[in-house]
Amino acid sequence: MTVRDPKDIAEPVAPERRNFLKGAAAGGVVAAATAQVAQAVVSPAQAQTPAVQPWWPSRWGPDDQAGASNHITPAKVLEAAKWIRDGKIHPIGRMSESAMPKFGDRAFTLRIPGNPTGGPFGANKLIYNDEFLATEIGQTGTQFDGLAHIGLQVGRDGDTNDMVYYNGIRGAALGGANGVKKLGIENVKPIFTRGHLVDVMAHRGAMMDAGQEVTMADVRGALARQNMNENDVQPGDAVFFHTGWSSLWMRNNERYASGEPGPGLEVARWLIEKQIVVMGGDSWGVECVPNPDRNLAFPVHAELLTKNGIFIHENLQFDSLLADRKYQFVYVFAPVPIKGATGSPGGPIAIT
Amino acid sequence: MTVRDPKDIAEPVAPERRNFLKGAAAGGVVAAATAQVAQAVVSPAQAQTPAVQPWWPSRWGPDDQAGASNHITPAKVLEAAKWIRDGKIHPIGRMSESAMPKFGDRAFTLRIPGNPTGGPFGANKLIYNDEFLATEIGQTGTQFDGLAHIGLQVGRDGDTNDMVYYNGIRGAALGGANGVKKLGIENVKPIFTRGHLVDVMAHRGAMMDAGQEVTMADVRGALARQNMNENDVQPGDAVFFHTGWSSLWMRNNERYASGEPGPGLEVARWLIEKQIVVMGGDSWGVECVPNPDRNLAFPVHAELLTKNGIFIHENLQFDSLLADRKYQFVYVFAPVPIKGATGSPGGPIAIT
Amino acid sequence: MTVRDPKDIAEPVAPERRNFLKGAAAGGVVAAATAQVAQAVVSPAQAQTPAVQPWWPSRWGPDDQAGASNHITPAKVLEAAKWIRDGKIHPIGRMSESAMPKFGDRAFTLRIPGNPTGGPFGANKLIYNDEFLATEIGQTGTQFDGLAHIGLQVGRDGDTNDMVYYNGIRGAALGGANGVKKLGIENVKPIFTRGHLVDVMAHRGAMMDAGQEVTMADVRGALARQNMNENDVQPGDAVFFHTGWSSLWMRNNERYASGEPGPGLEVARWLIEKQIVVMGGDSWGVECVPNPDRNLAFPVHAELLTKNGIFIHENLQFDSLLADRKYQFVYVFAPVPIKGATGSPGGPIAIT
Amino acid sequence: MTVRDPKDIAEPVAPERRNFLKGAAAGGVVAAATAQVAQAVVSPAQAQTPAVQPWWPSRWGPDDQAGASNHITPAKVLEAAKWIRDGKIHPIGRMSESAMPKFGDRAFTLRIPGNPTGGPFGANKLIYNDEFLATEIGQTGTQFDGLAHIGLQVGRDGDTNDMVYYNGIRGAALGGANGVKKLGIENVKPIFTRGHLVDVMAHRGAMMDAGQEVTMADVRGALARQNMNENDVQPGDAVFFHTGWSSLWMRNNERYASGEPGPGLEVARWLIEKQIVVMGGDSWGVECVPNPDRNLAFPVHAELLTKNGIFIHENLQFDSLLADRKYQFVYVFAPVPIKGATGSPGGPIAIT
């Protein structure tokens, strides 16, 4: 996920709301201090999210750190490979560069040391160049959100023991100054699966606007327009949404980052039920921002990543697929296994 | 390529040699100032490398920046896809972390800002983490060398007009403080092709040592042992060498970086003739270092990258493939399209 | 402060000790949840340190963030200036470079983008160079520890509400992913004051070893040898210790970082009583590491910085002063005002 | 110096001009190849700058790398110290932060790893914080330009052998991917000298505008208004200009960076004649940008730094001095000795 300035994006909680939460949170602290971990999450903060029950252990066991990438079995790969039909590779990522929209204070700084970086060496006078990059590597440009990226604060604000991530892992255990100690992107298995593109913009007839929610009616309508239906989506598949928002990329970075159209909780629940592996889209967060419920900050992220281990692939573009009217393909993406990173850059591809 | 300390690796040119080169280089400067570009390369420095002729324009035309990745056509993808037989994905990259062997002064520094980086936000109290990475991103860890990585100095040392890269591109045109302006990794097309693993270590019976050359006899012997032969390698394929050197990774970083076994110019010529797209291996440079001809610095790099646009994938590991005795597979790698980078990190996979 | 690997440096707390602390800490949590902030600090963790009382508000008021730099008044400057007698400037810092000893995972990576970085521009063909540096800027090389650098965890481990810094500021208020929000180095006033160098090595006759404590007997003996005495040290002065440890700098980095000789709690109490502004020295932490009480991690840092707002200047060298047998001088140091940094690099000088 | 986008700032050379230069430059190349180094600089590019003679060796000898900081002798320090009269320290730098105006693609990215970065350690439960900074450290914020920052291309563009810096040092010798190998900021001696502030804005009655030149008439008028005169400026002194441009700092970064008022070549010649050590000012380059001669890019930088070893201190502010009507003071600045850096951050002070 990419948070521009949450204070701008998420409308402030109304004062009376704050008071309610505050009182409730105080009770939560007591619970945290005296009860079992699983009980602690029945806190008021938690109560604001669709599911109030502990979301752990995961379906892949209490030690799992790979989340929905566990769906990618040999059988799944073989099934997906059948969808390679014309052999065309469609890159669906974007080029990473400093001029791209970056959120909040995230930076992307590339430098070439020297010209050249080294040499000439030997009688053959070989020279070489490197590049030095300083960036939030997994959270700038086309990015694949890992499971350490999003969590929920239960109990007292600021207590890392009460920050909870996928599979119930606590902030105190996950946090590390030099890389997350749990749920790092290196735990994700390479993904080779069937992908489905839902062209919501074509269904609606125009680019959606920030804060507009992609609903199940949109999904059904768009799929029907593409001669597809809900049953096409099988466990372990990847689902992508085209809203048109990507047309602002490097054309109007300010508007691009100011919010976005995207799926809300209704579609999130459907994706969870479908047991997909990855949700992707042509915007920076692939969820409706601000959320129709102004009290909630990125609830789709929490539902997918934190509670269900489903990954989110952001800042994609589908130009080539759309030009070819290809809505079903093999999606291939292996995260860069940077130990302790919260996400991954990369060059995702769709093969038709 | 990764250069530890060329002064240590490449034996120094003997003084008399230096003098000869110096005199010759002076002549080269005159040539550069008065003759056509193509003539300039017939310089003494150039004369030390196997090919003295201009290596441009490339077979893909004078404007090409994609090199051998042009081999990856739909037909090639369809042909390769047939080799997906059991659906198993074998990651062949390594995890990137600060403790890995890094060459020369290259750095890899990952930090997690805050714990968490942001939040809690909203009534749902969402929190998030980012990571900040500062590194030679395309030249640390498992790395895919791009065409801006290696060039040759012709003419006068230090004159960027006489530094020449793939397709004849000059250092003065390529160099950019904030990213290379030509031949950046973003020009490489995603690769999905047939891969062949040559287990030289198994053929030889033991890990090879630094400076030992993988010869064509080794290649033929290893292929025969695997019930394969030279004809299996087709244009656009990828070829990988297992020397065992990777067993030193993070076990003896100093020795790992001190040199390496690998292909020499004989095998390089064969790979060029075979028109492969990528050469890869389980060492940091995938060529014999130091070279048997102590005057030459990384000549295989120059032959493949600079003169023929063939990429080099370094610091791989083949544990899973070797355990399964799988020597032929689909190699999938899409470079991270970082604009102006000289190489790419990533998560290369082999699918069997 | 610079922590190499505290697990190596500070001897582990014995198991029975851990249990005691654990039980006590649980009580502390209850206290934290139900009592006033000031009471919360009477926790067992706190009880291990010399002072068990709340150390706030500071003598400069509850809002102060400048600590002992408040001593530097015009009167103090005028008094100090009288000590400029021969006009000689002695640099007492070290050059910052990647080969210097760095602690733990701290990094220092400098790159020059391009050669040159830009140009030529204009008819005059001007060119320019920049440098790109990625480092723990305030905690590598010669470094001046600020008040956000060191705190103490009271209450439950991992609860940022119970991490306490100078003037009672809590971790929850101080922490910021993009810079500390309180006690940043930008709050420190420029320092121009009288400095005293205590040559403990000369007094002892040899370089002290890691873990050896500079005692008050050492201080008195060294001062006497220099024809000085305790009364020379006045409020707002700076005091420096020479142990000889700096002779290992870039000669034996491993040993240098493995521990250090330096002042213990006895000398710390004297310095606090003397109301100095800065303690400095020729080692990385300027305190005895490991501490004679193996249970304590850097207690001198906590006494000076956290409880008394006295700064610590580390990795200094006194070669020029010692060569001239100058032990009293004007110490001039203005921290680089990097907003939200925990320390400062710089070029401290002594003027005689 | 800080170059925003020279293509925007320096008006393009007219086509006919380019042709003239081109022809002339070609001749220069021949000269470079066949003549003595000193002759090479009598190139047309060089001819555009006020001085056409070789500017080396420096007055401090052919090996000097300290430039005008050589003026800071004990006698000079003693003389300057007399100007400490009321003991007040006026910081004249600015706080460094990411929101400050940064030029071109320069970056300033600060992150706090973890919260805290480490701990708790020991029975005293000590915690600590570091900060990680990635930036053009010597060329962002208040910055002190060193002698490797600016040079001139003579001979053929792109030939590092014909890039010339202070004392005749060539780009081929100076350039280093991991830090400049000559003229690094670590060579500069700490500066403690008399400073003079010239309040041109007060003399003119209003903030000057971008491209407006501070002339000698301005200097004389402003000094007279301050009851000072040209003779006050002695060898080794520092001279500062207040134009009012700093009022745009972080209020209108775009305009601030779009150009600036400042001294032109007339004042530069006077400063050189006066043998000052540092010129400083309240703008990003402390020279008139664009220059009245639109063909010239930052000629004052070249005159001072490259040809005369006089340093430039940029992005200063004089609020406290102006409020106190103090125009003469002791200027104290010791560059941060980062090996191989082109400039220095820091906390410059004026003491009155």
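Order of writing sets the chain letters: A, B, C and D. Residues in each chain are counted from 1.
Simple rule for what comes next: contacts are C-beta pairs under 8 Å (C-beta built on N, C-alpha and C of every residue); 3 or more make two chains touch, one makes a residue touch a chain.
In this text the structure is predicted, and so the values were computed from the model without any measurement.
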A-D against A-B, pair bridged by the larger set of C-beta contacts: A-B
Chain whose Cα centroid lies at the greatest distance from that of chain D: A
Mean-CA-position distance for chain D and chain A (Å): 45
Mean-CA-position distance for chain B and chain A (Å): 32
In chain A, residues with contacts to at least two other chains: 98, 105, 107, 109, 111-116, 118, 130, 132, 134, 157, 160, 171, 175-178
Sites on chain D touched by chain B in the complex: 29-30, 33, 105, 109, 111-115, 132, 134, 156-161, 171-172, 178
Chain C residues touching chain D - in the complex, by the definition given at the top: 1, 3, 6, 10, 13, 17, 21, 45, 48-49, 72-78, 81, 84, 86-89, 91, 93-98, 104, 106-107, 110-112, 115-116, 118-139, 148-154, 157, 160, 163, 171, 174-180, 186, 189-190, 192, 295-299, 301-302, 332, 334-349, 351
In the complex, chain C residues that touch chain B: 98, 105, 107, 109, 113-115, 117-118, 130, 134, 175-178
